[in-house]
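Below is one structure, written out as structure tokens; comments come after it.
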């Protein structure tokens, strides 16, 4: 999965992405060396990394599709279904089909080089979304990255947990899928924050819940028995948090009270959990990339300088705002 | 069981199981608590139920890779029909599972497609179908009867465990006491000879795959009830591998001709305990996988066939 | 013999039909650019499926190839900092070792190939995660490494073609190939005929490991980094390609040319589904599953009818 | 006396629950053709497997040219110059005849690659020398069991061997092929090769063997020159019984009743059957004769629905049976004991009991639940009646000797109380004692009113057992012999007419 599996109910309408103020170097069409096309007549290729089988991916693809329609540009879509080789082939296939602008949601932060080279050879600009390519260079291998800062998400979740627990307790971490840099970043951000400002919280276990509710539930059940002293759970996505909530109540404890729960995503089910008092805080990871991605491409074609990274401002849900915000969650 | 049959080949899995329990008694806190035992049993239910069907299929020298996707189809269908009540909805899921099994069975028996590929196609397509049915969405279950099935218990025994136990008894009876069961192992032992003996080979194969689909759908319902949500994107992912492992570790050979039902239960329990032990001791995922590999291999090694020439299955056609 | 040829042609016939239909339906399908992209992307599966063919002919199966592929890829990237030789030898040695251990367990200790290689799948994947700190580290191939030269499309395709030529000769023209058929066809008889059954079986798993490893190295050379998330489910694709190519899973029959046709068929089906473009990812899976069923049924009936 | 080639001294071999060889001494000299005889389960095959490295002895010693040896695998024995034809055909069915002949020693070209031209040439030559007119390029499966057996013989002869061991090589062979086989053995004898020959056919032993070793219950009970022991005495030594108790032939005529038990008209199937007509009266034994590949087995399979037919009609007791359906044949009381018991008969994993009750299961069960008690009773009856030698009802059938497996097959079908019994090589691999028992059983069943069709490559058996003989040629019934015409000579004459 990911960035990750999410809650249940449809793609909420609210919550448009907004970029935080950009700074640093920018990239223009001359610098990049892309072919100039008229945005209205452009063919946009979108390479999705994973099956649209969770709210994040569903919302992401939907948002891009909707925005392309709104802007009146032709959109070609392909889905690599979690297969990296397939994504390389997908991107080349989109180029073969005549795409002259690309939006790519990379499956992995490494390994798309051959596809990026192919796009460069055809002078097609590539906007990457939701996951950053680590060793590729913006304005050279790709145009820019639009997305959240996963390390920051981990830190904010830690901050929420410190607030909810009063800064002391034993924490279990439900990790995301292994080998996924979302997992790595959300873990390191979380741990960094605890090391700096949450020394009273100790991590007693970190086990993967593979971003699924079922694994989140069964792993939490095992951990609660092995470590009855656990008072807090940090889940790296909402689905695992919801699984943990079921496990906690199954063990006779009160989720949100006896055992505090925070997670990352901002799906509607999780935000509803805050309203119900079973979850203590959720950091948003906004999947509605369409408008921002399209406007970036349009600006680029019209000659504006595009910042190397467009970091989006993610919301945060807590008992204070959950009831008001739940309708806008995805 | 006759004395001269008591050998390691039949009992390797029990030995491994006892060893693992002993180790846990020493190193794992709160291991021998009712809560923990319940947790382990509840968690192994879906794999066990799938493994029962898998054992039958493997007994005929076949294999069913589609079980995880069938679980997903059942999970996807369940919330759609809960409006008619829990029982009718479950019934529909089971019918769908049986139909999926019938499809693999027909491919294997009538079209002569090799089981691993026939069911591989269903593994790929089935989950897609489940997601199409569910529109890619996870759905919260609110039907109280179904939730009770997932979390209720009688006399301290969780309902799902109770259901699984009944299924184990039924399948054991089917294999051991019925004409069908005996015909099944004959088909797996030497299909050509079974044909010569006038056994209804095709019917046996069809029914076996049908039962596997049915049981997989049942596992999908049980898993959904426990999760309190229908999650077609992840329910039953890779369950086929766990189930095959449980069956083989339990002493049913992949070459067919023999079905060990109780061994399969022990195999599933062994797999569950391995996973639980490693989680409880916070072993990282990398080491977990490597240890699992080593433990499974050792358990199977304990019960491998003796040396000397093996009487190999005859060619199928 | 004749049945074998017909079986091989089964996949080829379906492939030809799809190519024609695809070419007529989509102007961007039969372009040299698109076809060469497809060919390059298919090389990895092709090389893995080559090894799988040999294993299946010998009556076994190898589920570990996907993990070995990924592990070898990571090792190649890791080793590339010490030059091309290490980048090649380290992963190939480890893959061969994995094959050797599996082969020994299967041939000498008489364990079921399915289970042994399933354990291999888990073990190699675990090892990979251990080496990459639970997948958080990705080793990069240095920009100036000769390994990157290996990753050019043309080189990859040539490598795969050479592999298939060698595989074809090995299977059809050498004593080793005959032994594979004999062991797969009737293991007891092969043993009573005095053939070195155990040695043959061990060799075939070593070969399969080596080829999976080679494919992993090729992939890393192309991607420029040792990606940790590759190879999941690759074994199933390889098995599907082999079977579509007309090789019987019961062992004792098969040909590498059929496997190549099977690989090509899988790639073309995927590309056609993509070109249609109308399906979301769930529907794509449904369509692939259905097409797979149609293809294997056609292939099975075709080979049976003419036998 | 010529020098000793191979020697076993005090060899012991245990299996779970069976002491198969007890202190066996066995001496084989160069140029000797040595008969190894004994009842089913006496230990002949086990001794051979010990001599050739398939099994390791638990005690005792093997010597090759006087040096102690131990073979860890069949390959080692072969390298030492011991070449073997094992009891059940052990070849690779999917490979071509030529590949089977030369597996492991294929001709190579300069590049060390297989030289197929040479392979087929040499195979054709070898087969030609042995008078086996088959196409070396075709897969072995396309030939019947008899041909496969000849291929196995050809393979063993082709190797440069000092010892050739043949475990029942003639059990599916026609008189003509048996002659070819003997010709081969004579050539080996001339080359000073030592031959071990296992057979249950007495006349063969006396024709070509010069010395004999008799095994009984895993022990050597006699060893000496063939000329020094009479035929009946040899049989008595094997069985450990008084001569008077040994009966070796059918009783002859049966009083067949009026009516027809089985009538088959115009059986046709593309390329294999071309018009077979048969009818069998209740209480009658009908023999089917013909050359190897003349379609006898195909006819029997077609009768019980194992082969779909293009045309033809089959009636049992005047009611028509649906062709191509095994279950309707069985329901009508028409059953077949197949010739290839390893591939088509036994279910190796299962016990003797389960193998016997297999077809009768539905009749032993109520509402699909089988009664173990009724199974035991039934199996007990047949094990006693057919004198099946097994450790218990629960022993795995694959552990029984060949002859006892054959009896298990018979028991499976007799348990169905059939109306018409089709027997394809029913005494294949059965010892003289058991053969007599089976033959007596056939007589008895006929007397009880069963219609029986008997196919046997042992022409004498057909002639003695059958009341009437139908001769097949190229898939068609071409002649019928009745009464006094039923004699070996006249049947041979009709068959030979074709050639």
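Per-chain residue numbering starts at 1, and chain names A, B, C and D are given in the order in which the chains are listed.
Quick note on the criterion: contacts are C-beta pairs under 8 Å (C-beta built on N, C-alpha and C of every residue); 3 or more make two chains touch, one makes a residue touch a chain.
The structure displayed is predicted, hence computed values, not measured ones.
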{"item": "Most distant chain from chain B by Cα centroid", "value": "D"}
{"item": "B-D or B-C, whichever has more C-beta pairs in contact", "value": "B-C"}
{"item": "Euclidean distance of C-alpha centroids - chain A vs chain D, Å", "value": "72"}
{"item": "Centroid distance [mean C-alpha coordinates] between chain D and chain C, Å", "value": "44"}
{"item": "Whole-Å gap between the CA centroids of chain B and chain C", "value": "28"}
{"item": "Sites on chain D at which at least two other chains make contact", "value": "54, 93-94"}
{"item": "Residues of chain B whose C-beta touches two or more other chains", "value": "131, 136, 285-286, 309, 311, 315"}
{"item": "Residue numbers of chain C (touch at least two other chains)", "value": "129, 134, 185-186, 188, 191-192, 252, 280-282, 284-285"}
{"item": "Those chain pairs that satisfy the touch definition", "value": "A-B, A-C, B-C, B-D, C-D"}
{"item": "Chain A residues within the chain C interface of the complex", "value": "48, 50-53, 61, 76-79, 81-86, 88-90, 92-93, 95-98, 107-114, 118, 134-135, 178-181, 183-184"}
{"item": "Residue ranges of chain C in contact with chain A within the complex", "value": "28, 31, 33-34, 37-38, 41, 44, 129, 132, 134-136, 138, 140, 151, 219, 222-225, 227-230, 232-233, 270-271, 274-275, 277, 280-282, 284-285"}
{"item": "Chain B residues touching chain C - in the complex, by the definition given at the top", "value": "65, 107, 111-114, 116-118, 120-129, 131-132, 136, 241, 244-245, 248-249, 253-255, 284-294, 296-297, 300-301, 304-305, 307, 309-312, 315-316"}
{"item": "Sites on chain C touched by chain B in the complex", "value": "105, 109-112, 114-116, 118-123, 125-130, 134, 185-188, 191-192, 236, 239-240, 243-244, 248-250, 252, 280-290, 292-293, 296-297, 300-301, 304"}
{"item": "Residues of chain B touching chain A in the complex", "value": "28-30, 33, 35-36, 39, 43, 131, 136-140, 151, 223, 226-229, 231-235, 237, 276, 279-282, 285-286"}
